[in-house]
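In what follows, chain A forms one complex with chain B and a second complex with chain C.
Right after this comes the complex of A and B.
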């Protein structure tokens, strides 16, 4: 009996600790919103649940979702990356002009895109961390730079991407699950791994308070630079997907995605200024944006209203975020003002688990 | 405006004031009377209700129940403006200066005089500020200096002058000495005496019993949001006061003389270490298991010494020999990670000690992540187990493991900032004024922790602005004056007066040849 009790107590404490940690990522709120939106969408258009339509849904937001995941990394270390749109374009025109017809050549495009993306991120990271240029200025400059390079490579829309390449990314895997969803799940899995490394921890520390991180022996500039580079790597992946999706090259393809990417980061609960948030939130945020416009489209609302609603949703998200933040703050203060009772409960608990 | 007559009667009266935050009672029917023309201290542990009291009296927060009267007149304080017009001016513990503005711009914020064209000119502001600074005897502060470039102490002085110069009948000073050095504390007391002599009333909130004894006429002790009692300052001993605050008998920190334990071999030798601007050829030795107290007035190079030893500042000359080997530190990363094990507990825990936005668990293990990593991945179970150990050792509730450190009390934050170094094989711990703004109960715990760490063989260099603390916990005390160590006093040698006079550079304290030798070139260098 006692053993059972202690086991329950242990599970309970672990579960509650897990809940608290999950709540701290800020992902729960956006995830709930996305699920509700999805149910509304299904309620209006039941056929969304068919594989074909579900595939369309996951595909349409995938590029912005992966790019937002990359942007979240940069925002987590306290930066901004305005070059994401230009890098998407750059990767797009590179693949569209360089890809051959052989499977090998098509496959080669993926590491190339990832390397180019990571390289642009690395440049940003060096400019911001070692040349001390404010991130907005550095990434704005690089945005112009890579946008110009993209135009040099391909002056106007053109080029074609082989069908195999298109299918790798946009079709379904095993006729069961959209490839884009698999891709996103891989990104999430790698992120969860990264969070369990010292680099993952250090990213939060640097964004939260760089000087405190330094006092704890964290190599602040190196960590921040790595975040920019990893962010760039994800832009490379997003650009690859975007290319498969559009099946052609366009030097202006990425530009218009800059603002949706930032909107997705905010909707996902990541705070500008750094230290708080989660890459998964950026992905969820992107899907929230797209499902909202899908729902409105299904309701026959003019697409002009979509933008207006996106703006409203963005503001609501920030206000709701600060409200829950305030609530958590009050709760935590309450729990610290009454430490005695909880202390006892805890020590009892630990006594039992032993 | 100020009631200058030394008439008696209450300046400020609270009856059964209560304040709740959610389910927590911060003030529970607190009642007290502050007489006109007295300096009245409020003391209590963190969470006793002092800061809530300040917030209510300054109009920042509103009481839930009870009454407040000023000069016998019941009054409602709905805003900071209400409090000011009722004659209560408050100097807050968290500075309210704008860092990127000049001293003059800060002083005149919201009260600058317009000239006949309706404009505020810089010259007028600077002149008015200079007058105020001189009137309040801090003429050495340059009105044109940017606040961000000034020391914490000077900033606190500006904040205080800003409040003093309002000349309200009641001054509310929330831990005004926390950031001040010994000389500046003297300055503040001088100003408080001036205010009292002219009939003003001062409410003084402090953790330091010595200061309360020196300047305050009466003391009110708060515990758990309720007043425990008010008495004449001389009417109770320190131990009695601490007992009233804690509600239990607490071993007095300063009373327990006698250093922590046996001292081992030399672990660190500092030779002629210099660092701009204030550290000039300092020499020190540090032994395993030793607590070396560092005493100095503000700005005599102690900050540079700590930062250089931690690798956060480059040495401009001299050397460090660690375990017999010379070392050169380029960054804190070198100090923490290179197996050197030199760690810092900084003065401003909010800025450098802890990561407010990270959980208690992540805070404690951040410097030691490689210890829990295998193939680059963290073993969360091991990490948690170790973190629990630290939390239990420093007596912080375990539920804080998963809470943001920002939501913990300052005392608990500081305990974690120190406790996390228990997990390293480190042997040198640099503690720069770690007890600043920490209540007595937590202070006691911090000192116990220091003794434990020293008992494990770690060497501790401990700087405090409070000499009593140094006397209570150190094996030896090194006194720094003008960037040099002018005296190293053993536990048998040091007394409050001896340390103090060495800090002031008085040569009579330097009985030892070392002090005398160091004195002459020091004077030449300045």
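Right after this comes the complex of A and C.
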């Protein structure tokens, strides 16, 4: 009997501990916002629920979403990566100029893009961690660098991407779910796996308090560099998707996406300075951005105003997210135990109290 | 103003010395690119061209000193230029109210940044980024896509003019005056001391009675003002305004601050170093434009040169 009671109590506390950990990632807020926005969108344009329209929606934000996921990794370790746009352009022109018509050559493009992306991330990571250049300056300079390389590869918009490649990424899988959504779900699944590894925990530790992490034996510079490299990997993936979407090459394709990526990261609840936030938040943030602009478009608002409204949405979302009152309210909803008992449950969490 | 011996012992001064040594090496090296480079004429041209970055970088400098960042500089600059040309429509008679209006506008944007950072507790990156985005939309709406008007001729004459029979560009004189005023404000006033204090250790500054919030709002206001000044200067230099006018100045202002030996976390740095950083960057881009390399390669070399300059600045600091 006692065993049954304690087993129930343990499951119960683990369940509420899970809910609390979920709240800690800061993803709940943005997710709720996205759901509400989506309902509004459906209310205005009911046809978005059809697979065709839904596919369009998931496709338009997918590149930014995946890129924002990569950016989140860098922000989690306390850095900024301003080279996103240039890396996207680089991957795009590489694929557009190198892809052949055979299936094999098309398939080869994916690991190529991932490798190039990870490579740029690695360079950033080395500059920031081993040459101790501030991440803003290092990544801003590298954005010039990779932008120049992209221009060398393809000076004018051009190149062609085979239809197969385009369809892999932008069509639907089995007539049920958009390929872009499947891609994003794969990224999310891999991330959830990563979070459970020591590298995943170390990323949060380094971002939260680097000296404490170092004192605990974390190889801070190596972990941070890995975060940059993994971020770059995701940029490579996003660039691949972008290429499939645009079906051509353009050395300036990625530049304008820098700000939306940053906005998506912020909207997703990740805090600059590191240690708090989640990849999933970045993905959700990207969709929030695009659903808002879709809603505005459907309402007939001039596109000149989207910029202003993007910035305003950014501000409102961040302010709303940072209001301590809101956060405490969410936490109190999630945790059924009195605050004193919270410590007990948290020690069950494997060291990650953020 | 300061004893010479201090230059050797004080770390900040040593950093500044390193910056200018690097600059001298660069100027001499530029002779390798073209025989007309590396001369006094070249130096004067480069210093004049660097004025815009130097002014914008002063704003970035005081913000970075407090541990913050201003990512809204590009569009405050563009907005100032666009409003200057669009409202004055090239008429001198309107300068007396358009110019102050534009400068006050810059201050207001800066104050908005400061308020968001202090009272909404937003990260400087987020706040200034959002303001930059909002401003870019505002610029589009105001200009309807194409900036109108021209810069009033008087301003153009001041910016593009020379004294001493064409020997010394006006802009260099303006830069010298600006630098002196800027350095006096930062190094010799109580306000300047408070700025360094807030950047060094915010808690201690607060407990010592420094009005931290006010100082933070003030530095962003100064940054907005400097961005507006730089925008007007650019409009004067080019006779007109255009979209994206301020865009290159994000990297330029940040890199000048870092290359100039300022600590990105705040609390340490000298404007004279930032000025040197701005001149270094302008020297690099001017030297590059004298080569016949393709545009893409120039961009790559520029990026590598910036990183090299930052590394060189780092080396000095640990010396």
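Assume the second predicted complex is superposed on the first by the 313 of 354 C-alpha atoms of A that agree within 3 Å, B and C clash if a C-alpha of one lies under 4 Å from a C-alpha of the other, contacts with A are read in each partner's own complex, and residues count from 1 in each chain.
Basically, contacts are C-beta pairs under 8 Å (C-beta built on N, C-alpha and C of every residue); 3 or more make two chains touch, one makes a residue touch a chain.
Bear in mind that the values here come from a model prediction, so they are computed numbers and not experimental data.
Once chain A of one complex is fitted onto chain A of the other, the partner contacts of A:283 are absent, as it touches neither chain B nor chain C. In the superposition on chain A, contact of A:216 is made with chain B only, not with chain C. By the document's definition of touching, of the two partners only chain B reaches A:205; chain C does not. Contacts of A:319 after superposition: chain C is touched, whereas chain B is not reached. In the superposition on chain A, A:116 contacts neither chain B nor chain C.
Once the two complexes are laid over each other on the shared chain, residue contacts for A:73 go to neither chain B nor chain C. In the superposed pair of complexes, A:145 makes contact with chain C only, with no contact to chain B. Of all residues in chain A, those touching chain B in their complex are 17, 20-21, 24, 193, 196-198, 201-202, 204-205, 208-209, 211-219, 275-276, 329-339, 342-343, 346-347, 349-350. Against chain A, the residues of chain C that register as touching in their complex are 69, 116, 120-123, 125-127, 129-134, 136-138, 140-141, 144-145, 250-251, 254-255, 258, 264, 294-300, 302-304, 306-307, 310-311, 314. The touching residues of chain B, counted against chain A in their complex, run 21-24, 26, 47, 310, 312, 331-333, 335-337, 344, 346, 351-359, 362, 366-367, 369-370, 373, 376-378, 380, 388, 397-404, 407-409, 412. For chain A in complex with chain C, the touching residues are 80, 127, 131-134, 136-138, 140-145, 147-152, 155, 259, 262-263, 266, 271-273, 304-312, 314-315, 318-319, 322.
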